[in-house]
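In the two assemblies presented below, chain A is common to both, partnered first by chain B and then by chain C.
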Partner chain A sequence: MASVRYENITKSFGEVSVIKGVDLEIKDGEFVVFVGPSGCGKSTLLRMLAGLEDASGGDLYIGENKVNDVPAKNRNIAMVFQNYALYPHMTVAENMGFGLKLRGKTKAEREKAVKKAAGILGIEDLLDRQPRALSGGQRQRVAMGRAIVRNPDVFLMDEPLSNLDAKLRTQMRVEIRKLQHRVGTTTIYVTHDQVEAMTLADRIAVLDGGYVQQFGTPNELYHNPANKFVAGFLGSPAINFIRCKLTGKDQLQLPDGQTISIPAERIKTAADGEDIEIGIRPEYIDVIEKLQKPESGTVIWQAPVSLAESLGSETLVYTHIGDHNITVKVTGNKNYSEDQNVILSFNIDRAHLFSTRDGRLLS
Partner chain B sequence: MANTRKRSFPAALAFFVIISAITIIWSGPFLWMVVASFKPQTFGGLDMASVVPNFMPTLANYELAWMSADFVGLYINTLIVVFGILSVQLVTITLAAYAFARLEFPFKTFLFYLFLLQLMIVPPILIVPNLKTLVGLGLSDTLVAVMAPYFASAFGTFLLRQTFKSIPRDFEDAAVIDGCNWFQILRYVLLPLAKPALVAFSIVSVVAHWNEFLWPLMVIDSPDKMTLTVGLASFARAAEGAADWGLIAAGTMIVMLPLIIAFTLFQKQFVNSFMFSGIK
Partner chain C sequence: MSSGIKVWLYLTPALFFLVMFTYYPMVQVLWDSFFFKAYGQETASFVGFDNYARLFRDPEFGVAVKNNIIYAVGTVIPSLAVGFGLALALMESTRFKNFARAIFFFPTLVPLIAAAALWIFVYFPNIGLLDYYLAKIGIGSTNWLGDSDIALFSMMLLSIWKNAGFYMLFYIAGLQGIGEEYYEAAELEGASYFQRLRYITLPLLGPTTAFVFIIALIHVFTYVDHVIMMTKGGPIGSTNLVLYYIFQNAHEFNDAAKATTSTVVSVIALLAFSFFSIRTMERGIHYES
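Right after this comes the complex of A and B.
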């Protein structure tokens, strides 16, 4: 087991700069998820640590060892690939034991290690099969088995669940989390699925545009996003952004013209008259019965329903204010008809304030 | 794989007629040869053209043919040539294909097309320059000389390069992480996955060089170094004078037999190989 450190890492492919400067410190035994839209460089970051790509600049550490120039096989890492990459011409046992074989382990040692790993994953009865005779979920388990059998310092997982159907994905997600708890190996997991990121991670690194946008626990990221990108990326349904104008020192003008006062300490970093976007999560907007005079700090809106989706335990109500789409999540199974007007209410304390210009969080 | 497509009746009939015609045209000479090889010695050849056997089959022609030439020696020479070429080719095409498929070096694409260009050169054109080279090397009238021009194969390199390129990179990444160097990747991952292409190439190579006639004829003078085709030709020249078609047919059968048996045994794999390398 080992900690992992990225120090000012950059990576370019020819002219294209993919990673523009990443610093991350991952603790021993931690489960860290790299999440971001496609093309944000999260897989590249993982592959650099694996030794499959060279860093263009910066230093990489596994434990206390700088590994920039250490070949992949000497880094003592194991990787699970998106399509599993199980060797089709080898049995499950041979697939799992291949790395050990290359490291000169005897047949008896290999068999023992493979049996043990297979036992942990519940795949003992698959050992003699060929990968093509396995289901998607079984292949996934074998790929995990191949990773744990070597007892590596770090597990690297590159979107390992994205080829599974939704139900299996949820099940395997739980298993991966349990497995990591059990073996306690430092794990870096790459995904574009924010639900996987939120549920699996001890800490999440949100990547975009070649930079780490924020690195923190799922709760920190969800409740205290560092910028508009992080706020918009995490959460399903996505956070609502509403463009407003700062008028006077502490007055915020909403798109429908009403103004609301803002505590001055929340907008100290904003320029006068700057455009501001407020971000409010769908679950923090309430649908109330009667139009009433807003209390201080509360916004009340009347909005037409364009669609309502009942998910059984909760209902998603899609409305709009002017050209701003607003999604509201209400608990329980409620019926709303299209073009019915609902009254929305939320407290500005629950909202995040971002600069429209660069998306930074205002404080 | 079963053909599950349904054809309409007229289409099925037309298909049947065309296939039958092609089969008859292609197999006709061969069938005639088989019949002739089992025919008792006749003097004059009035019933020579009959494909339908109207006699008691006899092995007399085979006996005579077997005694008329040193078939054991011819077989050994041919096997040495065919498998000598194949084993060197498998090494050279694997390395070349790996280089063209996976390594980065200047002018890679240009060099690859240049390499492929030799497929467009008709082999007989190269007979004289190749002979000169071999004489210069002091190799004329040796089996090595028969093999040498074929040690590299543009076709094999092309086939294997395409196969390597179709193998997902993830397998190699996984192998790197498992601890393979490039040679181990080739040995444990790429080559096993390219097996169908290697089998297909091997069959094509063996058949081509088993049947090769002109080049060994030019290179080999000593009878003890002749290959089957060359041996058969000199043997047939003698028999032709006497119009002994039964003898020639039997000799030809002896030359062809190993290929026929091999093809029958590997028929499925042979066809599948091409399906594999074609589709992938």
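Right after this comes the complex of A and C.
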């Protein structure tokens, strides 16, 4: 087991710069998820650590060893690929024992290690089968088995669940989490699915545009996003952004014209008259019964319902204020008809304030 | 029109030519192999398996079979190996490699008869291309085609030169069909280049090798132009292959019965051998699911 450190890592493919400067410090035994939209460089970052791509600049460390020039086969890393990459001509046992065989372990040693790993994953009865005779979920388990059997310093997983159906994905997600707890190996997991990121990670690195936008625990990222991108990327349904104007020192003008006062210390970094976007999560907006005079710091709006989706335990209400779409999450099974007006209320303390210019969080 | 009739209509032209020029002659040859007609005689008389007995007693047939087996082993295995090696080296598409592929594929396009004519000059003692350059490094002249211990090996070299580029193409296609992720996975497991070659590339190329092997095998039994052109089976029968033996009996010795009989034997042997080699190899082959 080992810690992992990216120091000012860059990567370009010809003219195209994919990673523009990444610093990350991953602790020994930690489960870190790289998440971001397609093309953000998360897989490239993983493949550089594996040694399948060279870094264009910067230093990579596994433990205390700089590994920039260490070939992939000597980095003692195991990787689970998106399509599993199980060798089709080997049985499950041979697939799992392949790395040990290359390291010159005897047949007995290999069998023992493979049996143990198979036991952890519950695939003992599949050992004699060939990959083509396995279901997607079983292949997934074998791929994990191949990774753990060698006792590597770091596990890398590149979108390992994306080929599974939704139900199996949820189930395997739980198993991966349990497995990592059990073996305690430092794990880096790449996904574009923010639910996977939120549920699996000790810490999440949100990547976009070749940079780490934020690196922190799922809770930190959800409740204290560093910028508009992170706020918008995490959370389902997505956070609502509402464009406002800063008038005077501490007055925020909302799109419908009403103004609300903001504690001055929240907007110190904003310029006077700057456009501000407030981000408010759907669950922090309430639907109230009667129109009332707002208390200080509370916004009250009347908005028409364009659609309501009942998910059983909660209801998503889609409304709009002017041209801003606003989604509200209400607990319980409520009925709303289209074009019915609802009264929305939220407290500005619950909202994040972002600069419209560069999306940074204002403070 | 019912679809049954339509199917037969589509098949008719191909079937017509297949029946006329392949199946009918095959049956006719099989039939003829049970008859004997002495030179000048009007009608052939039924002799049962006499022709077969005569064939297997003929020591020249035994020599031709033995030569053909040596020639097959010495041609098929090296040309597959060379084809595979070229494919490994030229797999990626770059301008230089595409050019090199064309160069190595070129001998395939040359008719065998022309290639044989060309190689006569290569093998010419003393002044031929080969001896000329060997002399420069101090190796004396060799009678490449005239020495009965060497002539068959000279034929093998020509055959390898002629066919390796063709097999290279199949291997390139096969190599390009192996997913990059297998190599990446193996590399992370700690496999060196040669270990990846041995444990990943070769097993996954099994279907390609099985296919190319049969093609190569058919090649060495069905081409005889170079023997006719270069050695006429000599010296002292050392380059006589089964097909040339058939040709000689049919056209030089006018022993049509022996020619038909040896044709039947060689076709059956080739079919049986292809069948069993495919079966054997398929057992060790893993087609992708």
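Heads up, the rule we're going with is that the second predicted complex is superposed on the first by the 363 of 363 C-alpha atoms of A that agree within 3 Å, B and C clash if a C-alpha of one lies under 4 Å from a C-alpha of the other, contacts with A are read in each partner's own complex, and residues count from 1 in each chain.
Convention: a residue touches a chain if its C-beta (ideal position, glycine included) is under 8 Å from a C-beta of that chain, and two chains touch if they have at least 3 such contacts.
Every value quoted in this text rests on a predicted model; they were computed, and no experiment measured them.
> For the combined arrangement obtained by superposing on chain A, do chain B and chain C clash, or do they fit?
clash
> Counting only touches as set out at the top, which of chain B and chain C does A:Arg132 meet: first, second, both, neither?
Only chain C; A:Arg132 stays clear of chain B.
> A:Arg281 in the overlay: touching chain B, chain C, both, or neither? Say first, second, both or neither.
neither
> Thinking of the overlay built on chain A, is A:Arg266 touched by chain B (first), by chain C (second), by both, or by neither?
It touches nothing on chain B or chain C.
> Go through the superposed model and pick first if A:Lys42 touches only chain B, second if only chain C, both, or neither.
After superposing on A, A:Lys42 lies clear of both chain B and chain C.
> Overlap of the chain B and chain C footprints on chain A, residue-wise?
50-52, 72-73, 77-79, 81, 83, 85, 87-89, 98-99, 102-103, 146
> For the complex, give me every residue of chain C touching chain A.
179, 181-182, 184-192, 195, 199-200, 203-204, 206, 286, 288-289
> Quick check: in the complex, which residue numbers of chain A touch chain C?
50-52, 72-75, 77-79, 81, 83, 85, 87-89, 98-99, 102-103, 130-132, 146, 150
> Across the complex, what residues on chain B touch chain A?
My answer: residues 168, 170-171, 173-180, 184, 188-189, 192-193, 195.
> In their shared complex, at which residues does chain A touch chain B?
47, 50-52, 72-73, 77-79, 81-83, 85-89, 98-99, 102-103, 146
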